[in-house]
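Two complexes come next, and they have one chain in common, subunit A, joined by subunit B in the first and subunit C in the second.
What follows is the complex of A and B.
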């Protein structure tokens, strides 16, 4: 995890808020560093983590995780991490006989499907274990990323329904957290992605939006991060808080600074 | 603040919520990511409950606990909560899901036997619109909203019906938004600037010209409403012509050249409230 990002979010692994939906969003840049941050953050918080990884392989996340101080292989072996490797599983759906619905069963269906099998997979992976031997703090679902589900033929409402059920079960019932990444298609008119992004924005308690610089590529400033804390159900007397910082991604860390205050230009 | 100023402020405080509930029928609360509307919905629910009305909540987006948070026990005891948050699509198949779903619950309210005044809060109308055909939803809303103008066969009077619908503007195209607008007696579009929230209120009174006014306000932690003067005009930022909009569709209600044009389908992050 990135300590500077923890400082901006005013959180640490041992005092993170529970029962929250965090929306990660990237526009004209790669926001995957946020996924790596939260994966290592919640593993260090001793949470039971279910990671629905649809974009990269397990080894990719593991290599990056090791730079951030977590070993995904060991986490998986001790039962702390349940990892759904979408790239591999997608092939299994087509070429292996399934005894029960596969989490990515919708890939086999000709008509518009839903993500109930994927929700069942997440629910079973994160349901509390009665024996209590492991002693994980609370459950966390991480999804990288939801936009690819639209590309695979699902509608925005089907994805929103999946997240709705994850919120109801993980956030409300089990007091855990959900973290999802959605890409912002920006200038490209993608109606379904806009519905997904805006629908999740309305439900989120925390929104982190990584944006590319309007001026283009810069060696010392890789992008800008907007942070919005929301209180979807509380009064407006305390206005939602927002912050904007620029950032530079390094080998094992990300540094954040106020706009125009990059060390390279000072 | 002098006594007279306080009295005027108190009167204005009453007037805003009263004006939203005065006409009955469908009240649309149009919010956005930057300017959320659930707190105003809860303020209206509280107002209705304090007036002694029966209040039904169709809860689809947040848990019952989260919706009731901030209300005291007096208010909570008057709310009838229909929980469609836990299992709206009956995925659990435990039999606990309410039969007929949200649409069934809404239709059941057309057949209510208790004919006193009632408020029905839809949290949210956007959730319903994403899951139901627009025509079906509009027909049901029309039947529920106007049941006080169609008394039962025995001629007994029916109390006023308020239907409060929370609508997230960015999620719907101009067609469904226009259809719902045509059904609404009152439309409230939430916005704001420099950290202050505003409500643009469009009221359609029968046989009168529609009225259009803007109120600056905040919702207190107990969900009572506090009216404010609004920012000084010289500090109000002008709209930036360089901020791109996701969709070129004009807002069918506010028309061209008005604040809020193209707001439906405006991409997240482009609002001026935060960014």
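What follows is the complex of A and C.
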């Protein structure tokens, strides 16, 4: 969790909004720091988190999480975190015939599959338990990242359906949050990815867009972050306001500053 | 607390080895608690895998790519458990060389090799590996390196003293004791006895495919399934995965896959622009990466990306691999005759460096890199250093070009040279003092450009002060 980003978004783990879809998007840079932020944010907010990690292994997230002050191993043991490790599951799905459908069953299927098993996994993972022993506040689904699903042969519509189902269950029914990361292909024509990105931009409440600098690589400024709120009914001054900050990723935190105000330039 | 590459009981060993080795380094990766391999004797158990070393940055076990200059650019080496994707140059000349360096490095270090190819018998590939320059050939090597060095890079630079701070490529000399990263002589073949002593597995696609076999309806091309099963079999049987402990000394599996995605693999991405067709390859990469992540192995893949019709697909492939390096040779392009590139055979693009156990990656500041295949060595140099930067910022136009011509009357050490330098320095000093008189706050930036600062007297402490530009000549 990066305190500076919390300030920009005007939120803290104690008073986070519920029932929202947050879209993280990166173009020409790596937006994974945002995923790490939201993972540690919601773990600190005492939420029940289901993390669909398709791009890295558990130990990667765990070590970065420790730098940000959360322990994923413990969270997983406590039952707070449900972690689906895509890379590991892919090997299992591929080499072992499974009796019951695996969340990533589509890897094995010849035809373009759907994400029903994955949604089922998420639904079961985040289903509220009545036991009352675990006092998790609200459920959160985190996906890193949806573009991998497209790469693996799913159609954009299948992924959008999946998100739609998740939103209906999580955001509306359980008053939880959904956070997803999508790569922006930028100049390259990638029809499926554009459909997915536009579709998600249309329905998300908050869009965080990390972009590489237009001028290219810089050692002291790693990119810029656009924050776009899409609040339905508020005063016009508040509506659709967009903010742009530049950022520099450090070892355990990210510092944000106004455009052109990097300490290295001044 | 484990490294990415390993899992289960294995991870503990690697982690502790890393911690003991990197104790003195300033890194956030610190192992808490007592050492597990806690005996007092010096050697941590796992660092003793030959040809590996822990990364100072993220605690990941690294192997060399067989090209020390490339290792340096990739943040010390290739992390165990990751994929290095080489985008082939147009005629697959230099990329196959990198491929062979990677395998030769494995042979020299005694790693197990797995070579997969669709168009060349792996046994033949092994025969053509370059010969390592070991200690007995070191003298020869030194000559080769230093004869080719431009003289101004060896002597202490006086005029362009700012450049002393710049990173130097390709200047680490092979230390006999270091077993990480060797140099190779591309003009000689590897000694036969080294190949015979090594342990390797070959996967030659035409041999493995039997047309009569009934194919289980699956999402992948038949060749890819066979290769994945082959790799998984070897990883499992020889205990490269942590769950099945190796009986003897732990070892690294180096996997090399040649021309992946070419039509010979039975893949049609090179032929059609249809969006559907690429998913064979991406699924293959994904499962392969899953296999690597849980085993002591590293993989190099060369891929003819220039053949792939659907450009969006290359972005997908990049996202699904860890390190991506692109080669662009000048053969047949108009850059071959461009005087700017006359010293190089091509450009090397570091497209992606993985972020492992870390928020940031070890990105090198140097972006414009060219490569050259010398008589024996493959070298990587900073293209812009030599010409553009000097020409634009430090010297008047054309001056650095004269400096380069060491045999000309204008070359280093000649009378004209020193006269020119004197007059140049005088002009620069005059210019600087004029600026200072007018007290215009100016600031030298890292890229060598002079920029207007936001306000007067905003000199910051830190690195910049140590390397002031033209205007900050110390008294």
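What we mean here is this: the second predicted complex is superposed on the first by the 259 of 266 C-alpha atoms of A that agree within 3 Å, B and C clash if a C-alpha of one lies under 4 Å from a C-alpha of the other, contacts with A are read in each partner's own complex, and residues count from 1 in each chain.
The definition used in the following text is that contacts are C-beta pairs under 8 Å (C-beta built on N, C-alpha and C of every residue); 3 or more make two chains touch, one makes a residue touch a chain.
On a predicted model such as this, the values are computed, not experimentally measured, just so you know.
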First, second, both or neither for A:189, with subunit B first and subunit C second: both
Subunit B versus subunit C as contact partner of A:76, first or second or both or neither: neither
Which of subunit B and subunit C A:127 touches, first, second, both or neither: neither
Touched partner set for A:62, first subunit B, second subunit C, both or neither: second
Partner chain(s) touched by A:157 [first = subunit B, second = subunit C, both, neither]: first
First (subunit B), second (subunit C), both or neither touched by A:148: second
Contacts on subunit A seen with subunit B and repeated with subunit C across the two complexes: 189, 191
Complex interface listing, subunit A residues touching subunit C: 30, 32-33, 36, 55-57, 59-60, 62-64, 67, 86-91, 94-95, 107-110, 112, 147-148, 150-153, 183, 185, 188-193, 216-217, 219, 222, 249-252, 254, 263, 265-266
Complex interface listing, subunit B residues touching subunit A: 33, 36, 38-39, 42, 61-63, 65-67, 69-70, 85-89, 91, 126, 130-131, 168, 170-171, 173, 195, 197, 218-223, 226, 244, 246-247, 265, 267-269, 274-275
Residues of subunit C that touch subunit A when the two form their complex: 1-4, 7, 11, 28-29, 58-59, 217-219, 228-229, 232, 275-276, 279, 282-283, 286-287, 289-291, 293-294, 311-312, 314-316, 319-320, 355-361, 363, 365, 367, 445-446, 451, 453-454, 458, 460
For the subunit A and subunit B complex, residues of the former touching the latter: 25, 27, 114, 116, 119, 157, 160-161, 164-165, 168, 172, 184, 186-187, 189, 191, 194-195, 197-199, 201-203, 209, 226, 228, 230, 232-237, 239-240, 242, 244
